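Two complexes come next, and they have one chain in common, chain A, joined by chain B in the first and chain C in the second.
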Partner chain A sequence: MEQLGLPGDTLVNYIFPNNAHVTWSIMIVIYPYITGLVAGAFVLSSMYHVFGVKEFKPIANFALVAAFSFGMFAAVPLLFHLGQPQRFYQIYMTPHTTSAMSIFGYVYSSYLVLLMIEIWVIYRKVFIEKANEATGRMRNFWWVLCLGITTYNPESAKFDKQFAKFLAGIGIPWACLLHGYVGFVFGSVKAVAWWATPLQPFIFLSSAIVSGVAMMFMMYSFIMWRRGRGYDYVMVKKFIITLWMAFILDYALEVLEITFVSYEQGAHWAVIKPLLLGPLYESYVLGQMGFLSLGPILVLGIASLLDIKDKALLYLGNLGSLMLVLQVLVMRFNVVVGGQLISKSERGFVDYEFEFFAKEGLLTATTIFIMPFVTYYIISRFIPIFEGKSIDTEPKRLH
Partner chain B sequence: MPEIETHDTKNLIIKERSTEPDSRREFLQHLLAGTATATVLMVFGPGVNARSKYTNPADGPEHQYAYVIDINKCIGCGNCVRACKRENSVPEDYFRTWVERYVVNADGVYVDSPKGALEGFEKLNKRFRENIKISRTVPKMCNHCHNPPCIQVCPVGATFKAPEGFVLVDEDYCMGCGYCVQACPYAARFINPVEHKSDKCTWCYHRVQKGLLPACVTVCPQKARLFGDLNDAESEVSKIFEADQWMVLKPEMHTDPTCFYIGMPREVV
Partner chain C sequence: MKEPSPKAHFVRLAGVLGVAFVVFLTLKAILVPSSWDYDNWYRGDALELNASYELAYGGNDSCVACHQDTMDEFSQAKHQQLSCESCHGALADHVKDGVKIADAHMDDESRWQCLNCHEARVNKPKDFPQFDKITINEHKELDDEMLCIACHSPHDPTP
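For the complex of A and B:
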C-alpha cells in the first residue's frame, strides 16, 4: 500500500491517540538552530585567535561578540517550551545523569561563561581606557567592568593575549561538545526512527558550523554596508571558501545518513521512506537536500573556484549564505518536527500545523530569534567591534 | 589425571608462544579479566534469560506487580477507557489507556481507535469488511517497563520506578520538558495540557496502595485485563506468566514491558 504513502501494508492512516500532538515544536527547532549559530560563530572566531588565520583577524572579535549574543538566547526557547519553566534550575540541582539532556545546563552555562571571560579578556584594555576617560555614572560602569584595575601595561597585554588564546583553544572542543551534544539528545532516542542515528551529533555539529559561518558572513556584509565602509575582499574570499568546504562536509554527512538508512532497508526505512516521500517531501527532498543544498554548493563553488572579484563575490557569498542559513533552519525543522510526524503506531503520519500566536508559535520564535541581533547592536554601541587597521576606509582588494 | 593433563597442555602451548618469562602470567591475567568481563556481560547484558528479569531477589519488595491483557477476551466496549478518564481526570483528547481495533484482510491491515475507543467502536466500513482474516481489539497503556527509556531520559529524575514495579512521575518535580514523551516507544505518555507536566498510566497506584485493583481492571466485563502480584504464585498473572505464552509490545525496543499480552496478532504494534 506504499502508493497511498503509508508504511507497509497499512490501509488507513492510523496514529496513536497521544501522538496527535507534536510535543516538540518550533521552540525546539530554533533552540538547536541558535545553539548552532553560537558554535559556528565561535569556531570562526577561533580561526584567528587559535589557528592564527590572519585573513580572519578583522572579524575575530565580531564573531566572538556575535557568538555571545546568540549564546545569551540559546536556552530561551527551552524556557518557553517547558511546561514548568520555574523548575528549570532542577537540571542544575539534581541532574539525572542517565539522561542525555541532564548536563545540558552545565555544558551550556560553562560555555557561556567561557565566552564572557574571553570577551572580557580581549576587551579589558578597552574597558580600562574607557574607565580612565569617562566621567560620572559611565565611569562607574566601566570601572566595574574592568574590576577596578585601571592600569594596563605591555605585560598585561601579553598575558591577556595568551589567556584569550587559551580560552579560544578550550572553547573549540567546548563548542563542539555543546552542539554535538545537542545532536546526541536527538540521535539517542531509539523510539523515534528519524532521529536514531549515531551520525546525528556530527550532522548537528557540521551544520552548526555552516550556519554560524554563513550568518557571520551576512552580518558582516550588512554591517559594512550600513557603515559605508569598504569590504575586505581577501577575507570575503577566504570566508566563502571556508563556508563552501564546511558545507560540503556537512552535506556529505547528511547524504551519507540517508543513503545508509535507505540502502540498509532496515525497520526504520519502512517508515522513513513514506515520511520523506509524503509529509517531508517539500521541506526535506526539495528544500533541505535539493535546492537549499545544491544551490549553495554551486554558487559558493563558483565564487570559490572562479576568478570573481569585488561586489560580484560579495553578492554570490551572500546568496550562498542566505540559502545555507535557511538550509540549516529547515534541517532543524525536518529533524525535530519531522521525527515526530511518524506516529509510534508505525502506521501513519501526524498532521502538523504552524501556530502563530501560541506560546510556542512563530511570533514567539521570531521575537526570540531577533533578540541576539538586538543584543549585538547594544553591545556594539559600547565596545569597538570592528575597530581594526585592516578595514577602515579603503576596501581591500583581491589581486 | 585429566585436569592435570589439560593444564599441562595449556602450559605447553603458552610456553611455545611466549618468549619472555612473564608473558604466561600476563596471558593468564588477561584470560581471567576477559572471562570475568564476559561473565558480567552474559549475566547483565541483553542476552539474559527473559523470565528472570521479572522475578525478584529474596530481599526484594513484597509485591512485584504485573498486568495481563488477553486480546482474545477484549470486546472493545471502551469501559476501561471511560473508567480511566473518570478515575484519573484524564484531559480530553489524551489517553492513559486506549483500545485499538485491528482488522486484517487480504489487502492489508486496518487500524483505528476513534477517541481512544472512549465510546467503543462503530461498525466497520464495508470497504474493509471483505475477506477479513483477523479482527481484534487491543487495549494499550503504559507498559511499566523494566528497562524504561522514559526514566533513562528524564533530565531531573522526576520519573522513577517504584519498588513494586510502577513507573511513576513525581508531579512536584516534573518540569514538563517532554523528553520522556519522545523516548516512550508506545506513546503512552503525554504532556498534560492542564497541568503542563508529563502524564501517564500509574496502574492506579493510589487504588492499589489501598488494596483495590486499577479502575480499568475493575470495569472490564470480559476480564480481559488482569492485574496481580508475580510474587504470589496463586495469582492469575503468576499462572499466566508461568505458562509462558505471553508476548510484549515492540520487543525489539528492549524495554522489557511488565504488561503481558495473550493472543496478540503479529500485526499489532
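For the complex of A and C:
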C-alpha cells in the first residue's frame, strides 16, 4: 500500500468503525447479473421479432420465454438481501425521483408486464388450442389465459403479429432502460471512486447483452442435445458471430473506462490502482480483463472467421459462451464488491470473505440462480417452445 | 354462437390491465402509511415510534445524580465536550429505574480507547491534540504496553 504515498507516513488501511463490513454482498452481485440475462435474452429474441434476422427464428420465442423466466427472479436476491421480504410491496408505495433505487419497483415490473403481454400475444394461438383440447380444471386454466376467447380468428393473427412486433420494438429501449438503470444505480454513487463513471450504464448494458446471448447459446445447446434432434448450424454460426461482436463492443467499453481513469491520473486512481493490483488482482486483472476476455475473443473469433463447421463450431461456441457467462459474473463481482473494498477513508481496503451457508451466502445465491432454469423447464412443459406452433411474427423484408 | 371480433382479445386484455391498474392504485392508496408527509417525504409516525423506544443513552446529565464528583472534575477539564457514555457504555446497561443494575463498562487495561480518538492522522485538524512520539518527550520512551491513564486522567487528561 506504499503506492498511496500519503504525507507524514500516515497509517493506511484505516477503516472507520461503521465500515468493517461489506454490506452489498453476493446477493447484490447476482441481482444485476440476472437482470442482465433478462435484457440480453430479450434483445436476442428481438433480433428476429423486430429486425427480422431470419436465422434467429428458431430461438426467438425460446429467448423470450427464457427472458421471462429470468425476469421472474431478478428481484428475489434483493428481497433476500434486505431481509424483510414481507415488506416487498413498500417499494411501490413512495418512490421519489431523488432516489434511483426507489424507482426500481416501477422500472422492473413495467418491463415484466411487457414481457408477459408479448408472450401472451405470441402464444395466444397455443393457449386457444389447449383450451379446446383440455378438460376439467386445466380447461378453466387455459380458458382464463385466453381471456375467454377460445376461437382463433385468422384475421386476429394479423393484429397479433403487429402488436407483438410493436411490443418487441418498445421492449428493446425498455430492456436497455432496465439494465442501463442498474448501471446508473452504481455509476451515480459518487462516494465510491470505482463506481462513479457515466460510462457505467453502458458497460452494464453491453455486458448484459453479452451474458444474455451467451447464456441463451448454452441453454440452446443443452436443450437441443437433450432432444437429440440435431442443431441448426446456420443459426449457431450467426449466434457466435453476434456474441463475438457484442463482446468486442463490451470489452472495448470496459478497456476504455479503465484506460481513461488511469490516463487521467486523477485523485481516485491512487486508490483504484492498488485495488486492482491488490485485492482484485485475480478477479479483475487475470479474470475479467485477462483470461475470461481474451479467451472468448480468441475462441469466438476463430469460430466466426475460420471455416469451422458442425460439432467443432458448437464446442467452440460453448467454450466461448461459458467463459463469457463467467466473465460477466466476475465483472459484477468486481464492481459491486470491489467498489466496497475501498474503505470510506479512501486510505486502504476492507476485507471481504465468502460465506457459504449464511443468509447471503453462496448456497442461497446458487439456489436463487437455479430457479429461473426450473421455471423455464416448467413453462416448457406447458407450451411448445421450439415447435414453431405459435404465431409467426416474421417481419416483411424489403428485399 | 357468434364469432368474437378479431380484436376482442385486445379489448379484454385492456380491460384486465385497466382493472389491475385500478386495483394497484387502490392498494397503493390504502398501503401508503396514513401519516406520510408528502412535503418532506417521510413517515410522520416514525418520530413517535422512535420516541417510544426505551431510553438507552441518557446523556451526561443523567450521570450527575450519582457521580457528582466525577462530573465536577470532568466539566472543568479538556474532555468536557465528550459523552461519558462514549467511554462507559449506555446508561441502560448500568442503571435501571434509578438503581445500579450492572457495572458500567470501564476500559482501564488498554490504550485503544484513547488512540481511537487521538491517534495521529493527517486528516485531523492541526490543533486537535494527537498522540505523537516525536514532539512530546514523555511519549518518546513509551512502549506499546504503557497505558495512557498512567499519566493522563481520563476525566481530566491535561498532564
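Convention: the second predicted complex is superposed on the first by the 373 of 399 C-alpha atoms of A that agree within 3 Å, B and C clash if a C-alpha of one lies under 4 Å from a C-alpha of the other, contacts with A are read in each partner's own complex, and residues count from 1 in each chain.
We adopt the following convention: a contact is a pair of C-beta atoms (placed from the backbone, for glycine too) under 8 Å apart; a residue touches a chain by one contact, two chains touch by 3 or more.
All values reported here derive from a predicted model rather than from experimental measurement.
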Combined model on chain A: chain C and chain B, fit or clash: clash
Touching partner for A:A267 - first (chain B), second (chain C), both, neither: first
Contacts of A:T135 with chain B and chain C, given as first, second, both or neither: neither
Touched partner set for A:R124, first chain B, second chain C, both or neither: second
First, second, both or neither for A:S345, with chain B first and chain C second: both
Superposition-derived comparison: chain B or chain C, residues of chain A touched: B
Touched partner set for A:H96, first chain B, second chain C, both or neither: both
Chain B versus chain C as contact partner of A:L82, first or second or both or neither: first
Where chain C runs into chain B (options 61-69, 97-105 or 115-123): 115-123
Overlap of chain C and chain B interfaces on chain A (superposed complexes): 8, 10-11, 14, 90, 94, 96, 345
Residue ranges of chain C touching chain A (in the complex, touch as defined): 3-10, 12-13, 16, 24, 27-28, 31-33, 36, 41, 119-123
Of all residues in chain A, those that touch chain C in their complex: 6-8, 10-11, 14, 89-90, 92-94, 96, 117, 120, 124, 146-149, 151, 153, 155-156, 158-159, 163, 345
Residue ranges of chain A touching chain B (in the complex, touch as defined): 1, 8-12, 14, 16-21, 23-24, 78, 81-85, 87-88, 90-91, 94-96, 98-102, 104, 185, 189-192, 267, 340, 343-347
Touch list for chain B against partner chain A, complex: 93-95, 98, 100, 105, 107-113, 115-116, 128, 140, 149, 151-158, 173-179, 181-192, 195-198, 252-253, 269
